[in-house]
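Take a look at these structures.
Presented sequentially are two complexes of chain A, the first with chain B as partner and the second with chain C.
Our next item is the complex of A and B:
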């Protein structure tokens, strides 16, 4: 069974330093909340470029942190820039759910 | 000995900088940080520190990675600094464009810790003299 965050991936970068890992977890949770909010604020078609840019950045940090499913969803969102709002809302719902799962997982582990 | 090597880490995303910096420092490298290409040029012009290699994101505000490479290529003192580009781009056309503008290696995001370590180990093992 896969977890929302591959902690081995992150540990390979921190070399198992618990202090660094905790700092990264705190920052990541802060960032994913901000990114999700920013996407919601730029769902309208006139913000197409900004939407893609936020999703691109979101994907980069999610992947680097080891949040694999979140990374995949962000990549998908990045290509939804030109889509209608209803389509973007669908991916936002999935992102919302995944962000909650990541935060819950990081809070428990 | 890796402690003698200095890497300039460039990314507008704080989390990515923190993750990469943690790894590079644990590997024994000295790490300086910048958040965009303009800061890289400022760092070099002002001589804020030694730079043996640059690990840089492609997409950044103010000045992106490719534009930064173009500036470095024009400067005789900086054109030999090896640039490792972090990118989410995978299209051959994009990657070839980067190579033509001075990118030495690519690390496709999400980068793996082992790949990052291997690139710098190999790079510095060559003992290429840099400005």
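Our next item is the complex of A and C:
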């Protein structure tokens, strides 16, 4: 079963330094909370460009961090920029769930 | 699989050996920090960071040499990667730029390549992909340096910056060399075998007004005695048995340029007379010719002998010695400029890897220690041969101690120990006091300046160690 975050991938970036890993985890959790909030704030159609840009950055950091499923969902969100709010809301719900899973996993491991 | 190798730079202008610097321009703090960790801790680069393209461009504008490689994210606020790349190119056309792009924006990467990016990788970042891209960039940089070096050699434009150690162990000597290049003053280069006397002479020539004109090197010790005159000054057809055709000789080959007479001390006395005459009259007379030829040639000579001693022993003409020895330059042996050993070693590794079509290699810690401990009696030439052999014997990209298996056990044991030279540069024996002082310094260095351990190793009391060191200081 795949975990929400590939920790082995993460360790390649920290050279196995636990302190550095913890700092990156804290930074990542802070960022995904901010990104999720920003997406919620820009769900309206007039913010289409901003939505796409937030989703793009969110996808980049999730992918680089090794949160693969979250990365996939963010990519989807990025392409939903021109869609109606209901569609965006659907993806936001999925993102919300995945962010919680990631935070729980990182808190436990 | 990551090799976790340390990356070192060896600039064309031979700045001190140091990890290569990668400048990262990435607006996302987390990704920038992760990338910096990967490059710094795992790959061994020195890392500089910029939060967007504008910051990166400002850093390069301020100091064009602040980075060896730039990694640019494409989507950034203030100034995106493509705009930054275009501006970077205005300052440094040679700076390798690696582009980071998302899978959905590969067309941007194509645009970046058109603007002069060397490569691109897609996000999410995969460490192995980044490592491969950087390896390729380093390979291209090595090849570019080698091509440029060969081109300068071919065009007679070798300069002092081509000499490894020009800004370290050889800085003083090179200052003399530069003075020599500004004038036509005859230079006599003295130094042990393998220190690079010919390269030094080439640099004098390459930085003089004669650059681009012929540089003719001749080893006086390698010419059979009966052919010295015809080799140097040429001969007419039929001038002697075996002279089946006319030859212009080395002096006339060097017309307008420089002739480098290596191992001048080996020149037979009879040829010394003719050389002296050529230098005095600035003309030569080929063997069997009925006329002489004016020559416009600069003379640089070299020897590993103590020529003044040869003069005293009547094996070298005093008048010729004075004419050649207007500016004596002594190139110190490698053991006296240890700071140059690793840069030289890395340079040799780079050159041999290119020559043998091998991937870039690095030196392990054990090999590095060995290189620093060895006294290199054969100087740079011996170091070159050593690196060449280790590369040939090695099977991995990092050169290991086991690759030195070609060294006979006894030789290895002897070479691993510290070496104290008994003779000074002029060939005379050092005094007991000097030798004792050098022994103490060597042991102290080996024990990282711990006097207690050094005294223990030498079997003397700590107080004796201090006393002898003080006496040595007073004497010197």
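The rule we apply is simple: the second predicted complex is superposed on the first by the 109 of 109 C-alpha atoms of A that agree within 3 Å, B and C clash if a C-alpha of one lies under 4 Å from a C-alpha of the other, contacts with A are read in each partner's own complex, and residues count from 1 in each chain.
In this text, contacts are C-beta pairs under 8 Å (C-beta built on N, C-alpha and C of every residue); 3 or more make two chains touch, one makes a residue touch a chain.
The structure presented is a predicted model; accordingly, all values stated were derived computationally and were not measured.
Overlaying the two complexes via chain A brings chain B and chain C into a clash. When the shared chain is aligned, chain B and chain C each come close enough to touch A:17.
Of the two partner chains placed around the shared chain by superposition, chain B and chain C are both touched by A:61. When the shared chain is aligned, chain B and chain C each come close enough to touch A:28. In the overlay built on the shared chain, the residue A:71 is in contact with chain B and with chain C. The clash between chain C and chain B in the overlaid arrangement falls on one stretch of those listed (115-123, 295-303 or 421-429), that is 115-123.
Across the superposed pair, chain B and chain C both touch chain A at residues 9, 12-15, 17, 20, 24, 27-28, 31, 53, 56-57, 59-61, 63-66, 71, 75. By the touch criterion stated above, chain C contacts chain A in their complex at residues 2, 27-31, 33-35, 37-38, 41-42, 75, 102, 104, 123-125, 127.
Residue ranges on chain A touching chain B, taken from their complex, read 9-10, 12-15, 17, 20, 23-24, 27-28, 31, 53, 56-57, 59-61, 63-66, 71, 75. Here chain A touches chain C in the complex through residues 9, 12-15, 17, 20, 24, 27-28, 31, 53, 56-57, 59-66, 71, 75, 78, going by the rule given at the top.
Residues of chain B touching chain A in their complex: 12-16, 18-20, 22-23, 26, 57, 59, 88, 109-114.
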